[in-house]
Amino acid sequence: MHSLAEISKILNGEIQGDSNILISGLSSLDKANNEHLSYINNNKYINELANTKAGAVIINKELSKECNTNALIVENVYLAFAKASQIFSKKTTYNEGIHKSSVVNNSIISSNCSVGKNVVIGKDSVIGSNVVIGDDVVIGSNADIAPNVCILNKCIIGNNASISPGVVIGSEGFGNALDNNSKWHKINHFGRVTIGDNVTIGANTTIDRGTLKDTEIHSGVRIDNLVHVAHNVIIGEDTAIAGCTGIAGSAIIGKRCLIGGGVGILGHLNVCDDAIISATTTVYKNITSAKTYTGIMPIMLHNKWQNVSMWLTKLDKIIDYLNIKLRNLKEK
Amino acid sequence: MHSLAEISKILNGEIQGDSNILISGLSSLDKANNEHLSYINNNKYINELANTKAGAVIINKELSKECNTNALIVENVYLAFAKASQIFSKKTTYNEGIHKSSVVNNSIISSNCSVGKNVVIGKDSVIGSNVVIGDDVVIGSNADIAPNVCILNKCIIGNNASISPGVVIGSEGFGNALDNNSKWHKINHFGRVTIGDNVTIGANTTIDRGTLKDTEIHSGVRIDNLVHVAHNVIIGEDTAIAGCTGIAGSAIIGKRCLIGGGVGILGHLNVCDDAIISATTTVYKNITSAKTYTGIMPIMLHNKWQNVSMWLTKLDKIIDYLNIKLRNLKEK
Amino acid sequence: MHSLAEISKILNGEIQGDSNILISGLSSLDKANNEHLSYINNNKYINELANTKAGAVIINKELSKECNTNALIVENVYLAFAKASQIFSKKTTYNEGIHKSSVVNNSIISSNCSVGKNVVIGKDSVIGSNVVIGDDVVIGSNADIAPNVCILNKCIIGNNASISPGVVIGSEGFGNALDNNSKWHKINHFGRVTIGDNVTIGANTTIDRGTLKDTEIHSGVRIDNLVHVAHNVIIGEDTAIAGCTGIAGSAIIGKRCLIGGGVGILGHLNVCDDAIISATTTVYKNITSAKTYTGIMPIMLHNKWQNVSMWLTKLDKIIDYLNIKLRNLKEK
């Protein structure tokens, strides 16, 4: 527990309200209780600010007028949040074998595993060699967890999971705030990864935990090898994602989507239910219709590509030279 | 062993022939013996159906007329095959240390390794710490297997292998069949990964096992880091593949190819011998000539790209407006 | 120690100078001492050749006239260097637990770790389970090394490092020389990975060691998940690199760059300070100005893409048909 005054000193902030309240951790505006410190970095969360139960909120001067709870006023909210995240995190340590507080039922835990505190594993699961399971993890029944997998603190995995070797679940998200000297400050992540029932995850895929909320993989999802799922991503039921695809932070993918291999989905985007994305396509805007989308540079003989790509970089000038206007191209 | 009648009940099929025959496992039409169940999902395998020695074949109504052995007739062959694959698979467990049935000659097995049953490792090999080797694996002489590698059941690795940390060999392929409710059914994989002599594999690369046949990496192949090789892929001798490349299921790559980094090769394609694929190119059709191929979107200043890409999405309409016909563009 | 005569026999070379000198290892022209064998493969290093202190240099006939030290003259310098690299490398072995020659201060070393010889770990660091640390590694204070990480021989990591699960640091680079029979000869790598202070590295990322010099990650760098950093790459201070990006060999990235996810940076390129590269862009030429660069194929409905991409492959012919010349497109 840290007083708001102590925290304010580290964050170089100004307190509006009670500087003596005690803070035990961080939470999002909508989930915080009165021991939590939250933050608001964007006017679109103004309703959540109005209704928050947080003990205090990191906020800028302007928005502080709208704050009904204690405010910690700073210039750079995101940077202050990064520093706060460092106050409340601590390094995880790992014990040998199965901690005595954990329940693994009749499941098989193979050699050289580390199973943390308060872990629950359902019936008939098999955990391969060298698997590391952090504290407070829950794994359902009939799971098949291959060797060398890491499932870190607080992550939740449903029944019938099939997780291939080298998978990492619950790694730190890629969140960093810049200060005025162009130095990064790491944001420590407190959310979980929650995985539904009947999910399969391919070899060496990585799924980062959420910042304050959870990264969510819903039931029935299929993920192939070497896929990167960033913090706060939500993947809807029964969506399938092929190998080498990367999904950036806070993207929300619908149900029953088919996402090809090598796809890149940028952060904070939405992909609607039943969308199909061709392999190696980059998704840089929302997908709002359940159709098939493609963005692949055509493959050519290299010499041909040199010519084509040279002219392609001048396409806007070519259009200008030809005096073509957008209205000329209307559908007939 | 399961009788065809039992299997038929689970797969909701209709038997044509002897419902009492006993099935011990799954195999492809061309490799099956009379204890095997096989399947045919595509008319192009009709010759293999005619010659199969399989005890029974999962098949649709139409093709069942061509079936000379026992038939298990279903509506959705691929889905029925997925369910059958689940009948015959079981979770792998791992023992501590070297199983007594295994032979490792004078090779060094480092700390915290798990070496399964009936493993053979040749002379002068070194296996790093935390390596997991499944049952029935064969590794040749003079292999250098780095720490934290997984080589799963039945995989074969030749002499002089150099395998970097975190590599996964023999993980489950990404095979799934959809049912009428848009739910996926996992296909369990029974093929192996077979790797020839003098092969090097880079860190955290993953190579999935074949479905019924093998994934094959031929002698002399060089694979860089974070490469994804899917089920049933065949890579010809002395081909080199740079980092972050993904090769989808059943692609066949020739000999002495040079494949750049970040390349995507789609499933079921052929790339001929001696082809060169530039980095980050997507291969979405067969490559039939030993030339250099490229498909890279040109890099531009971002503002420029915004203009160019806007017009690029309208290129077909521009052509239409200019009244250009394909025949206008003939070679002179 | 091998005499130059012995080495020459294996490399099938001709000696100019003293065949009796003893060679203990390989080094670059500028760093070699008189027990080192070096090589020159490119006229641009002619000044380094003139000033080298190497005991001997692998060289071709033509350049040998410029060589002031002992020369080992061969037809294919790169191939001979590959063979020499094999003479001086040996397989790494791993011990159980912490080697008695190593100093770990008050840092926590979790279960099933292997810590090699002459390792130094600073104060207040935590090393997760199943981490493998090779010989002569140095890790600073307050490091947070997650489970299943490999940090191989001689690598150096500064203070306050945060390294996620499954990361590989110091794996072999992807260097291979072709002989006249189209067979690859592996180049063993003798450089290190050196990582500055305050660096974070995401899950399952791989960083290869340099060939003779080091791969360098400077202080303050942020690297996300599943990133591939090849041999001899240098990444400047405070640069951030998002997930699934691949950086090919010997690329040099400036300070404070922002590199999106899924980017490919080709080998031997320079990216200047403060450059911004949009996600999934391929960088195939030097970036010399601190601006934002993009090369993404636009995403379209699949049918639309079929039309657009067909015409795109004919863009050079369309330009020809329209009789457009580059000079027509000059800025006005």
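Worth a mention:
We just call them A, B and C in the order they show up, numbering each chain from 1.
The definition used in the following text is that contacts are C-beta pairs under 8 Å (C-beta built on N, C-alpha and C of every residue); 3 or more make two chains touch, one makes a residue touch a chain.
Remember, it's a predicted structure, so these values are computed and weren't measured experimentally.
Subunit A and subunit C touch with mostly distinct residues; of the residue numbers seen at this interface, under half occur in both copies. Rotation angle for the C-alpha superposition of subunit B on subunit C: 120 degrees, rounded in steps of 5.
Computed centre separation for the pair subunit A/subunit C is 29 angstrom, with centres defined by C-alpha atoms.
In subunit C, the residues that touch at least two other chains are 112, 130, 148, 166, 204, 226, 244, 262, 296-298, 300, 312, 314-315, 322. Contacts from subunit C toward subunit B in the complex involve residues 91-97, 112, 114, 130, 132, 148, 150, 152, 166, 168, 171-172, 174, 176, 182-184, 186, 204, 206, 208, 226, 228, 230, 244, 246, 248, 262, 264, 266, 276, 278, 281-285, 291-298, 300, 304, 307-308, 311-312, 314-315, 317-318, 320-322. By the touch criterion given at the top, residues 108, 110-112, 126, 128-130, 144, 146-148, 162, 164-166, 198, 200, 202-204, 220, 222, 224-226, 238, 240, 242-244, 256, 261-262, 279-280, 296-302, 305-306, 309-310, 312-316, 319, 322, 324, 326, 328-329 of subunit A touch subunit B in their complex.
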